[in-house]
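One chain, chain A, links the two complexes that follow: it is found with chain B in the first and with chain C in the second.
Take a look at the complex of A and B:
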């Protein structure tokens, strides 16, 4: 399946992917408004050391430990291979956060805190927002045939 | 192939899903003495508090059994296992043959031997949905509640009741709360937080006697209660296997394929003793992720695609009154400690490996630490300062390794 891959040589650590991710999942039309209303955290995270930078989100693993470990049964894999959290069922225990080896499940904020993760923007039907908005093409959305 | 599964919780569901990954057509019969369809046990305290309603209790969708072609016998107990005849006997007298059997019987509450407790109508346990329902029916705003045991279940029931009752006192034999999961520093931080929610704790003063509405402790101290919750631990349900001649210690003994010593009898979840990948010791690791993964691996093996599972380990992600904590592995090793006002981090290192951690409040990306422990990653050549700062994949300074892992490769070397 197609996934998002980072090219660390191109990443400038500008964090635009994080903004675009958070915005596209906010359900709002205006970025400034959405930003002011308090974003949920992005489901992609940039690691940066100055010299080395890369962005990372869910790998949609073929053997997803988050899904197996989930104590409520809120994480499942769709027919399309995408691993999603049912945020209605999730109680924010963070077992997925404790088990994802990539650190790619993030803790939501607010009154009802739930686990958030990359859904490859399948809800919008567009190319993932992180890839779409990356100014230096440090993120690609492609099939690498590993599973 | 004729599969029989005893139990209907995490390990049993894992087993069914494991079987179906390999064998789409073999007959599966699943038996449980609980009459509910599979629900999430850890949610019973959320249900008690009203945070989760009936609909959100279920571990799988309603069509789970139909989709997986599972025949269910719910509300019936398996009373005997005959490993030679390859049959199980049910409480209604039915004798069912099997080709391959999964024992996913979990555990039951341990009722501590306290004088008078057996005859006390206000003394209840808390382990399954029905017990949560019973407890809910017993408490009101005026109830004085005493909880025996400050382990995971004792503290979860405390959280579930807080705000719905007049007051809660937790009585613990050990010197601090969650003695098998936290060290004294982390327990102290968690205790301060829980106390803010109107809960008080008594340590190292075991319950001695119950009479009427009065609990007497070893020191002679007396506590009046309206409801007494017994959360002093659980005991694995090993009897079926033991009585059939299978090898049992505290839990059912299994190999890495989750096979018991009886032919074609498998076991998984809270009823087994498995190898802890971190310490190398056999132990009961009564936690849902282990239960599911053991069950799933066993299911695949039962269906003819043997899959060993050697990754069981102690790990907890839990929160109380909004304070999250994650722990994993062993605390035997050199510690890196960073304790602040309301956050806590201890990392334990041994022989160039991360072997355990305790995190309170900031648990972000803890899974990277967990993976380093589980996969026993050799940390020689890794930037330990980065590792201590926060969990990050940047710590892999070898570019090829890092790129492979970031792309979705395994963290194993």
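Take a look at the complex of A and C:
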């Protein structure tokens, strides 16, 4: 399946992917308005250490530990291979947050205390917002065979 | 620090209603203009380092930013401009020469903008390049005076020529003055376009030997990175005698830019200043130049055409005539508006002559002396668009070099701060965290787009004139008319005034 991959060599650590992710999942049409109504945390994070930086999001593992660990069965794999959280079922126990080896599951804020993770922007049907908005093509959305 | 004489040139206008505190501006500014205030959850700015490179504006996701001139002005004075006053303050403080980058920004006449092109009407048909073949290929180098053909077979041995698919090449910009990613973009674009890029005097990085069939290697007064492998690697060799932005002086790559890779490529110690002398110490006459031309030809077994590049200066026609007789295959003339990574301000802004006049004078002189076919003429020094290129070719050029326009395609915003080494666009810098901002994959494609777009426009303009091959446009000054220029200028340009 197609996934988001980071190209460390060209990541500027500008963090725009995070903002584009949060905006795209806000369901709002204007970024400023979305920010003012309270962004949920981005489902992609830029990891930085010295000169090395890259953006990391869910790897949609073939054997996802988050899914196994989920106490309510709210994490599932769709037919398209994408791992999603059913936020109606999620109770916010954060077991998935603790088990994910990549730190790719994040905690929702405010009245949505549920686990949030990358869904590859499948709801919008577009290229993932992080990839689309990356100013230096340091994120690519492509098929690279099984992991 | 006592009195602050020098005020920031620009100010940051931030629409706080639009700002989402994403801090992209702060992270992207190598001049540390923007900062985030946690106490008040607000973005602030200190403009003293701002160079108006527009990086923050271009990356701001909510268009909350604008950079504008500082409205603070010294008292108006038509003789003493604000800039002159500030420059004097700066020198009173530093005691040093002023440095500047990119081309001459002063309002000297741009003759391209005073020349108009012809088009066919009624009595001669124009040509539609979308429907009919149109030739913009150029071959650079010496052409034989006559061809001998025996029994239908060509007997004359043809001199080595470079074949260009488009009459545009990328001018010399050294690895050191610009980044490795910028060089890679230029090299890959030249390869895809079927044209050439020029190494500049910084040698050729080992990773780029594979682009040799689209590379012109430069030999300049510092001889940086020159060895037999380097000379053989390219398709042609360019001897740099002068540069339009700084005629009469050498170059200076500050030690800060001489990092490991640059040092290895240039064959100089790491962290040392790379100083190119003003003259070539072995060239004091045309005869000396001839020796170098033939040394290089000998060293490359006569397989590479040799270019000689000079700055456009007062006696350019006579100098070009000498170069044509030195055995060079191509003369490159660089006009006074040509770019640079760093030049003394006074030299950049006051030395040299416009490329339009230099080109017209050189082409005429070579034709008068019957030696025009011995050399090709390439012009550089602010060819800004396809119509500049068409006018240059009609004035007598074989092809054009573009430097600044190519950098614009790579993201340059002409902030003219190259000499600081802190280029926010990853072009004129060697700092790894800045270099990575220029992704060659994106850069080379943008260069290919730019030159392809120009090529379409050149064909369109040629078609309008009823010309279907660039060879028929070359030196065709009847296609040009001057507007708003005096008799002397028309005479030097060799063109008639509009209406004549």
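The rule is short, and it goes like this: the second predicted complex is superposed on the first by the 144 of 147 C-alpha atoms of A that agree within 3 Å, B and C clash if a C-alpha of one lies under 4 Å from a C-alpha of the other, contacts with A are read in each partner's own complex, and residues count from 1 in each chain.
Rule of thumb we're sticking to: a residue touches a chain if its C-beta (ideal position, glycine included) is under 8 Å from a C-beta of that chain, and two chains touch if they have at least 3 such contacts.
Because the structure is a prediction, the values reported are computed rather than measured.
Counting residues of chain A touched by each partner, chain B versus chain C, the larger count belongs to B. Once the two complexes are laid over each other on the shared chain, residue contacts for A:51 go to chain C alone; chain B is not touched. In the superposition on chain A, A:77 makes contact with neither chain B nor chain C. Once chain A of one complex is fitted onto chain A of the other, the partner contacts of A:93 are limited to chain B, with no touch recorded for chain C. In the superposition on chain A, A:69 makes contact with chain B only, while chain C stays out of contact range. By the touch criterion defined above, A:2 reaches neither chain B nor chain C.
Once chain A of one complex is fitted onto chain A of the other, the partner contacts of A:107 are limited to chain B, with no touch recorded for chain C.
Across the superposed pair, chain B and chain C touch chain A at no common residue. Those residues of chain A whose C-beta lies close enough to touch chain C in the complex are 9-16, 19-20, 23, 31-32, 35, 51, 133, 135-138. Interface residues of chain B facing chain A in the complex, by the touch rule stated above, are 14, 40, 42-43, 46, 51-52, 56, 58-60, 288-289, 292-293, 296, 315-319, 324, 326, 328, 363-368, 370-371, 386, 391-394, 402-403, 405-408, 410-411. Residues 3, 5-6, 8, 47-49, 52, 54, 56, 59, 61, 65-66, 68-69, 71-73, 88-89, 91-103, 105-107, 144, 146 of chain A are the ones touching chain B in the complex.
If you check the complex, the residues on chain C that touch chain A are 17-18, 20-24, 27-28, 59, 61-62, 64, 432-433, 436-437, 439, 441-442.
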